[in-house]
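To start, I am sharing the structure in question, which I have written as structure tokens.
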Amino acid sequence: MDESRFERGSSILDAIDGQGGQAVIDSLQDIAPELGRWIVEFAFGDVYANQTLDARQRELVTLGSLVTQGGTEPQLEVHIAAALHVGLSRAEVVQAILQTSPYVGFPRVINAVNVARTVFQRHS
Amino acid sequence: MDESRFERGSSILDAIDGQGGQAVIDSLQDIAPELGRWIVEFAFGDVYANQTLDARQRELVTLGSLVTQGGTEPQLEVHIAAALHVGLSRAEVVQAILQTSPYVGFPRVINAVNVARTVFQRHS
Amino acid sequence: MDESRFERGSSILDAIDGQGGQAVIDSLQDIAPELGRWIVEFAFGDVYANQTLDARQRELVTLGSLVTQGGTEPQLEVHIAAALHVGLSRAEVVQAILQTSPYVGFPRVINAVNVARTVFQRHS
Amino acid sequence: MDESRFERGSSILDAIDGQGGQAVIDSLQDIAPELGRWIVEFAFGDVYANQTLDARQRELVTLGSLVTQGGTEPQLEVHIAAALHVGLSRAEVVQAILQTSPYVGFPRVINAVNVARTVFQRHS
Amino acid sequence: MDESRFERGSSILDAIDGQGGQAVIDSLQDIAPELGRWIVEFAFGDVYANQTLDARQRELVTLGSLVTQGGTEPQLEVHIAAALHVGLSRAEVVQAILQTSPYVGFPRVINAVNVARTVFQRHS
Amino acid sequence: MDESRFERGSSILDAIDGQGGQAVIDSLQDIAPELGRWIVEFAFGDVYANQTLDARQRELVTLGSLVTQGGTEPQLEVHIAAALHVGLSRAEVVQAILQTSPYVGFPRVINAVNVARTVFQRHS
């Protein structure tokens, strides 16, 4: 294992997702521990580590991606919380979701704002 | 037709997409003119008109959405040009595309960076 | 707000979806009220308002779209009820779902007939 | 091989797709002949053979499905021609495509109307 | 009905899916009995009946397909059980799911390993 | 950069994809060099490096994934060539593609066998 990538990834994961990200990694330990490691090392240690875009910009792209893909409600939940955690406001998160309306249509967007409501209520 | 929505939409479309957006609208006149009108009125006159997110943030979400959806190369071309037009750098556009790697995998990302290369070359 | 589009959309929404559509709009008031307005104005006030296709034909297209997209079970529920509401029979709804089998495969179709069963039972 | 299913399917295929369908089947002979046979037997001999929906209704569902799925331009081309062949007008085909706008967004719809234009021009 | 295709399909369905497959067929009897028949006849009587690939190879392809499609958790459950039933080990099933990571990203993969955990626990 | 992961990945990439994989990596150098590095390090150095499944099994999963995703013709081309390169026969590749028919429908399958024909002709 490449300690430095893992450590860099862990620290970026914490900075971005807070507890939500680590909970996902932990939940994978019993069934596919390398999957958790890859998420830390590759997603956070490699992709997020580049500083051309800041964390808020990265979460805007990620919200656009997850809303569009569909069937990713658990991941959307983590990343809506992450978006708030890195400093996007609730209004900005809702607008990011709504921004996809012309590109993927209303069903995906309705499902995503319903996830946002759940996350917002939990953080009240 | 609601003149004010259409006018507001047209002016936002110009501000964001430059000539590329209007070319799409024009290309639809012969076959489905209402589709062009809806894009102007709904996408730009309604969705983009909200100012909670600025144009650069909206293009980051849109890139995340279009890369993820796949099969949207012509639209990706318009929005990569739009992203540059509203002030994102080439490096930021590339990073926005790469940011989707952990969420949609490499095939969509490779296809999108190939579209970006084409747009960048045309704007050189 | 364009009162006439909104009023036209509301009245088409009622004619097509009955109570189910309005319930969706209402459910969005707390988190993204403009999303509910767009659905009324754009989807129903613009798209459905064209009379080249009648309501039954539009619901056949919509069922084909929602079954295919997947992850749209709540919307499929609304539109299966809408299909019955505008006069398609249960047998026609089931056949519309089955018609997508050669194009999207059995998993999407099985999931959709299970939604249809739920809607049919509620309307018994 | 079940001759009766194959014959029933072939005759429905001809009735619906005209020459376009048979051309697809023929094109598969060299690489995967059973795929052509399955399309004839299963899609047309089984699915389309049920008469609860007529050919025009089935093509409306199919257009909704193919527009939504994306990346299916060749099949959309065949089925837009089929829709005209069974008696839907060009205006109805365009409206069927536009009807998916609220459900899948504009990129898929723009791509599909561009396919429709090509088919319409060829049939002029 | 073509008895021989149906019988061949039923016997392959039993050999591959064990009880899980027949339970799916039975569950469709009330709402769309022909759908159950098509799955037996077409999926198993036609597609799986070819012996160029063995059952384990076919389940590897099927896992790749279902993980990628998303929104197919019930079908993934049936086919993870089927994969074990035809002799793939738990470790091989997990690796097959993980193999899709570079091609569809982590959200689909996380959702699929969570389905695998449920199936493994039920079979303990 | 982690030399050992990169070297391990490069050598697995060569063993699996032959020249096709390296050509993809090279083509990304000008626009997004880290993307090429991630494919080598993560896809091949991490994912493929696990030996629970052999190269032929991994390509079966990959074909199932790429056929299903759609809009991935360039990647399908690379992996059909890779499947042949690691020892799957043409008949097995065709059957792997056909195996997805019940799960994703005929359009994706037709498009994929057309890609297979192109790859087979080039390797004749």
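For reference, chains read A, B, C, D, E and F in written order, and residue numbers begin at 1 within each chain.
The rule is simple: a residue touches a chain if its C-beta (ideal position, glycine included) is under 8 Å from a C-beta of that chain, and two chains touch if they have at least 3 such contacts.
Protein identities per chain, from UniProt: A, B, C, D, E, F = Carboxymuconolactone decarboxylase.
Predicted, not measured: the structure shown is a model, and the values here were computed from it.
**Q** Trace the shortest chain of touching neighbours from chain B to chain F and give its length in steps.
**A** 1
**Q** Taking each chain's centre as the mean of its CA atoms, which one is farthest from the centre of chain A?
**A** D
**Q** Mind checking the centre-to-centre distance between chain B and chain C? Centres are C-alpha means, answer in whole Å.
**A** Chain B and chain C have C-alpha centres separated by 28 Å.
**Q** If you average the Cα atoms of chain A and of chain B to get two centres, how far apart are those centres in Å?
**A** So the centroids are 23 Å from each other.
**Q** Using mean C-alpha positions as chain centres, tell me how far chain A is from chain E in Å, no decimals.
**A** That pair's centroid distance is 30 Å.
**Q** Any chance you could list the residues of chain C touching two or more other chains?
**A** Correct list: 34, 38-39, 42-43, 47, 50, 66, 69-72, 75, 98, 100-104, 106-107.
**Q** So what shape is it, when you link every pair of chains that touch: line, ring, star, complete or other?
**A** complete
**Q** Going by the contact rule set out above, which residues of chain C touch chain F in the complex?
**A** 100-107
**Q** Within their complex, state which residues of chain A touch chain F.
**A** 2, 5, 34, 38, 42, 46-47, 50
**Q** Touching residues of chain C toward chain D in the complex: what are they?
**A** Within the complex, chain C contacts chain D at residues 39, 42-43, 47-48, 50, 52-53, 57-58, 60-69, 72, 75, 89, 91-92, 95-96, 98-104.
**Q** For a test of understanding, state which residues of chain E touch chain C in their complex under the given definition.
**A** On the chain E side, the touching residues are 24, 27-28, 30-32, 34-35, 38-39, 43, 66, 69-72, 74-75.
**Q** In their shared complex, at which residues does chain E touch chain A?
**A** Checking each residue of chain E against chain A gives 70-71, 94, 97-98, 101, 106-111, 113-114, 116-117, 120.
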